[in-house]
Amino acid sequence: MLRAAGNGAITFALVLIVFGSISRHFLDSSNLINIVVQSSSLAIVAVGMTCTLLTAGIDLSVGSTMFVAAAVAGKLLLDGSPASLAVVAALGVGLAFGLTNAVLVAYFSMQPFIATLATLFLGRGLALLITQTRSLNLPDGFVQFGSRRILFVPLPILAMVLAIGTIHFILSRTSLGRQIYAVGHSPSAARVAGINTRRVLASSYVICGLCAAIGGVVALSLLGTVSQTFGSQREFSAVSAAVLGGTSLFGGRGKVFPGTVIGALLIQAVENGLVLVNADPYIYPLVTAVVIFSTVLIDSLRHERFLKASRRKIRLEDVSLAS
Amino acid sequence: MQPKSDIQGAGDLQVTTFASPDSTKGESTRDQVGDSRQSAGNRISRLLFSEYLLLYLIAAYLVVMVGLIPGLLSAGNLRSVLSNLLPLLVVSIAQGFVLITAGIDLSVTAVFACSSVVGGLIMTADGGWLSHSPWSVPVGLAAMLLVGAVIGFLNGLSITLFKMPPFVVTLSTMTFFGGVAVWITRSRNIYELPRQIATIGKGSIGFVPYALLLTAMLAAIAHLVLSETVIGRWLYSVGQNSKAALISGIPVNRTIICAYVVSGVCAAVAAILLTGRLETASPIIGQRLLLDTVAAPVIGGVSLFGGRGKIRWIVFGALFVTFMDNGLNLLGLSYFVIMMAKGALVLLAALLDVRRAASTAQA
Amino acid sequence: MSHILQVEAVCKSFFNVRVLRDVSLSLERGHILGLVGENGAGKSTLMNILGGVLTPDSGSVLVEGRRLALRNPQHAAEHGIAFIHQELNLFGNLTVAENLFVPRFPRRRVLGFPVLDNKTIQQRARQLLELVGLGISTDTLVGDLSPGERQLVEIAKALNVDARILILDEPTTSLTNREAERLFSLIERLRAKDISMIYISHALADVLRLCDEICVLRDGCMVAHGPKSEFSFASMISLMTGQNLEELYPTRQSRASNEPKLEVRHLSQRGVVKDLNFRLNKGEVLGLFGLMGAGRTELARMIFGLDSHAEGDVVIDGVVAQNNTPHDRVRQRVAFVTEDRRQEGLFMEASVASNVAAVALPAYSRFGFVDQDHFAEAVTRVGRSVGLSASALLSREVRSLSGGNQQKVVLSKWFLAKPKVLILDEPTRGVDVVAKHEIYGLMNRFVSEGGALLLISSEIEELLGMCDRILVMRNGEICDHLARPEFNSERILRSAFGAGALP
C-alpha cells in the first residue's frame, strides 16, 4: 500500500498531522468530508490524466474539455433540459475531445504535449464561443442538486467514487488496463509482444477526455456558474495530483487508487488547512508548489537510485538486486 | 563570407564555399531523377519545409486581410501590433533557448510577474524601497534581471542535479513565484514608476521606439550566441543527443543550466518592456502569454524534440501569431475564434514537424 | 529424419557487408543443438531470422517440413518458434502472471464487459511456473525478480504459447551457478517433453554437457555441424578461429615506449569489475579482448568517466585523476570512440561538419566565439586526413553516410582534439573492408606520432594484427596478458572462455 501511493501518502499523513495539530477543526468529520467534496472534481480529472501519464504521455486539454463540457451542460440546463440530458451531452463533449487527442497522438504520432496544447487552444476558443464569453449562472435548483445527498453521501462524492472506481477497475482488471502499463513501461517491448500500441494509446486519451468532461460537470454542480476562466490551469493541478500520488511522468508507474486520489485530496487538504489556520491566502500557491516539488524531488532521487542499482551486473555471486 | 544555408539544420558550419543554400543532398544515395513530377513534389515539400514559409504565409495573409480591413496597415495599427509583438517575442526567445535543449520552461510568465513586481517595489515613488533615489532605476532594473537569473538557475539546477523532469520543475517554480508576486503586492498593482521606465517602454528615439531597439538588440545577441559561439553549439548538441554530447566532453549540466538562466533573464527583459509600456508593475502581468510563448516558436519551426531552432524562426512565429491576433480582432472576430485559429495553427506546425522528422528518419 | 527445423542456404547482408553466407543447419525433434562462434560470427543475425525479426536475403527456413517466410515475431510464435533473447522482453511493472499473458489475456464477461479472467490466469500461471521450476508467487512484480528468475518467466511465456522450438541466446550470462543448474534441469525436463532447442552460448562446458549436436559458425559460414561426440573444447576453439589469414593489416613496427600515458590501478566496482591493473604506454597499441559480458566496455566507460567506480585510480600522464567526468577526460586529452556510434558517437541529424566540431570546438574559439574560418579549414584538413571525400565532408546529414564513413567522422572528431590517449571500442564493426584498412592505417599513424591506443575488439585477428600487447578479460577481471611473441589465437580464446587446460 505504502509503495503504491509512495511519497504522496507520507506527505498526506504529514499534512493531516501538521494541520490537525495547529487547528482544532481540521480533523472534524464535517471538515474532512468538505475536503473530499471539494476535491471531487479535481480527483476525477486527475484520474483520467493518470491514464495518459501512464503511457508516458500527457493531456493538456483537460481544462478546456471541462470548460466546454460544463458550458454545454450549463446551456442545456438553462434551457430547461433535464439533468440527465445535460450529463449525456457533457460525456459526448468528453468523447469528442478524447477522440481528437487520440487520433493526433496515436495515429499521427504527434508529441502529446503539442497535440493536446493545440486541442487546449481549440477547446478554449470553442467554449468561449458557446458561452459568448459571458458567465453562465445556473439556477439555484441545480446547485442545490449538487449539494444534495443520497443516503447521506453527497452527490459529488458519489460521482467521484463511480468515476474512480470505473477507471481503477479498467486499469487493474481489464486487458486494456494492463496493456496501458505495458506500453508505458516500454513501447518497443510492447510492440514486440504483439500489443496494439496505437489502440492502447488512443484509449487512454479517450478515457482522459471522458473523465475531464465528468469533472467539469461536477465542478459546475459545485460552483453553480461557468465563468470565463473555468477550468483554467486545471491541467497543471491534475498532473500535480497524479504525480503526488506516485504516477511517474516517464510512464508505466502509478495507481489511480489510492495514488492519484490521495494526490488530489492532498492538494485540497493543504488549501483547506491553510484556510483553517487563517494563513495568508497569498501563500497557498507557495505551499502547494513546495509540496509538489519536494514530492517529485524524492521520486526522482529514488528513480536515480533504482537506475544505479540495476546497472548490468557481470560477476555474480548469489546476490540479490537490492544490494 | 560563406553563404549560410537556409534550409533546416541548426547553425551548421560551412566547410567550403561549395555548399549551395538549397542543397539537402550530401553523400546521399538518392538519385537525381529528372522526372518532372517528382521535382514538382520536391519543390512543394521544399516550400513546406522552408523556413521562410511563415513569411510567405504572413505576406499572403496580409494581402487577403488588407482587402477586408482597410486600416490594417495604418501607422496606428502597426504601432499596436509592434507593442504587442515585442514582449511576446522576447519571452518566446527565452522559451526558444530552452526548447532547443529539448526542455520546457513553464515558469517564464511567473518570472515576468515576479520580476516586474520586484522592480516596481524598488522603484516606485509610492513608498518604494529606493524611491526618489537616483539609484532606484539602475538598481531596480538590475534587480529585475537578477530575479530572472535566480529563478532560471533554480530551474536548471533542479533539472540537472536532481534529474527532475523540466515540466514538473518549471511547473512548480511557476506556481511558487507566481504566488510570490501576488503575495508581496497583495494583488495590487504598483504605480508611480519613474519616468525612465516609461521611456524604455514607450519612448522613441526619432521614429524608432526604445522597446524595438532593445528587442532587436536582444534578438541579435541571441542569434549571435546561437550561431557563432561555443555555448550556442553546445545548446544544440545537448538538445539533439545528450548522450553523445556528454561523451564529446560537452559540459551538459552547465549548458542546461545556462539555457534556463538565459530564459529567466530574457523573461525579465520582457517584464521591463511591458512594465514600462503599461507604467505599472503588476503581479498578473503577461499571465495569458504562457502558452503563446510555446506556440510562437513551434509555429515558427522550433522543434519540441530539441536540437533545432533559429532566432529568425521565433521572430516569424511571434510575428505570425501577433498579426493573426490583430487581424482577427479587427475583423470583429471574437477572442474564441482567435483561440481556435491558434490551436489549428499549432496543430499544423506540429504535424509538419512530425513529417519532417519522419522524412529524414532512418528506414 | 524428423527434422523439426531446417535452415537452407540462408544469406544476409547489411550495408554491403555479408553477415551470413549460405548457412544451413537442421534440428531434430527433441534435440538440443548447440551453436557456438565468436562475437560477430553471425549467430544473432541467424537467430533473428529464425525468430522472425529479420528476413533473409536468400535461402529458406522450414518448420516441420514446411517452407515459411517469417514476417514478424508473432508469426514465428504461431509456428512454434520462441526466441529467448539476452535482453528479456518483460515488463518490470507487471506481475509474473500478467507478463505471461500480456498480448492475449484470457477473459470472461461480466455484465457484458470483457474482464480479465483472473482465475484462469492464476491457475495457468501457477502451472507454468511449476513447469519451469520457479517457486514464486504469480503476483510478484517482474521488476523484483533476479535475472535468473526473469529468464525462467520468459521461458514460461514461450511454453504458454506452445512453443515447440526454443532458441536460448546466452542464457547463463546473468545467472548465478545455482540458477544455471536450475535452468539446466529445466532444459532436461523440456527435452523429455519433446521440445527442441537451439542453445547459443560462450560457456563451452555447458554446451558440451547439454547438447546433442553442435554447430560452429565462423565469419558468417557454418564450418561444422555434427553430433556432440565429434567435438571437444580444443576442436571447437580451433574451428572458431580458423585459418582466416587475410592480409588485412598494414605492416607495422612497434613504437611502444616505456612511458605510461594511461594507467589503471586496482579499479573495482562491485558486480562489474574487480581489481583491474594495467598500463598503456606511449606509442603502443594495447588490445583488450573478451567475450560479450566480460566487462570491456564497462572498463572503458569507467576510464572515461561515464560510469563511476567504487575503488581504484585512473592515472593519466602520471597524474592521478581527481575528477571523473568525460569533460575532464577530454581536457586531459583522452578520447573515446564508443561501440554504439549511432546513439553515442554521432549527432545523426546534424551535418558532418557539426559532428567533427563537437569535441574540439573550444580550442578554435576566442572569447567564446567560434573562429569560423580557421575552424572550417581545420575540419576540412582533418576530414581529408582520415580519408573522407569532399562530398562526404559537405554532407548535411551524417545518417546518410555509410558505416565506414560515419566511423571516420567520429575519428575526425576526436583527432581534431589532438588526443594523447585514444580508446577505441569495436571501431571496425559494421565497416566495409576498404574503410577498415584505412582505419587501421589511421591507428598506426596515431601511435607513430606518439599516441597511446587502447583497442577493444571482438575480432581476434584484428588484435593479432594491430596490437603490441593483448589483455584478455573474463567475468570482470583481467585473466591473461600476451606480449607480441606470445600471440596465439587459441590461447586468447581459451582464456576468454575460461577453458583452462585443454582436455
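Each chain carries a letter (A, B and C) given by its place in the written order, and its residues are counted from 1.
Just so it is clear, contacts are C-beta pairs under 8 Å (C-beta built on N, C-alpha and C of every residue); 3 or more make two chains touch, one makes a residue touch a chain.
If you're wondering where the values come from, they're calculated on a predicted model, not measured in any experiment.
Each chain's centre was taken as the mean of its CA atoms, and the one lying most distant from chain B is C.
Pairs A-C and B-C differ in how many C-beta pairs touch across them, and the larger number is found at B-C.
A separation of 30 Å divides the Cα centre of chain A from that of chain B. For the pair chain B and chain C, the distance between mean C-alpha positions equals 44 Å. For chain C, the set of residues that touch two or more other chains is empty. Remark: chain C residues 73-74, 77, 89-94, 98, 102-105, 107, 113-116, 118, 144, 146-147, 174-178, 270-274, 293-295, 298, 307, 475-477 touch chain A in the complex. Residue ranges on chain A touching chain B, taken from their complex, read 58, 104, 108-111, 113-115, 117-129, 133, 236, 239-240, 243, 249-250, 280, 282-286, 288-290, 292-293, 296-297, 300-301, 303-304. Taken in their complex, chain B has these residues touching chain C: 2, 5, 7, 9-10, 12-16, 18-19, 23-29, 228-231, 233-234, 236-237, 240-241, 243-251, 307, 360, 362. Only residues 173-175, 178-179, 181-182, 184-186, 189-190, 192-195, 252-253, 311-321, 323 of chain A touch chain C when the two sit together in their complex.
Against chain A, in their complex, chain B makes its touches with residues 104, 106, 158, 162-165, 167-169, 171-176, 178-180, 182-183, 186-187, 291, 294-295, 298, 304-305, 334-344, 346-347, 350-351, 353-354, 358.
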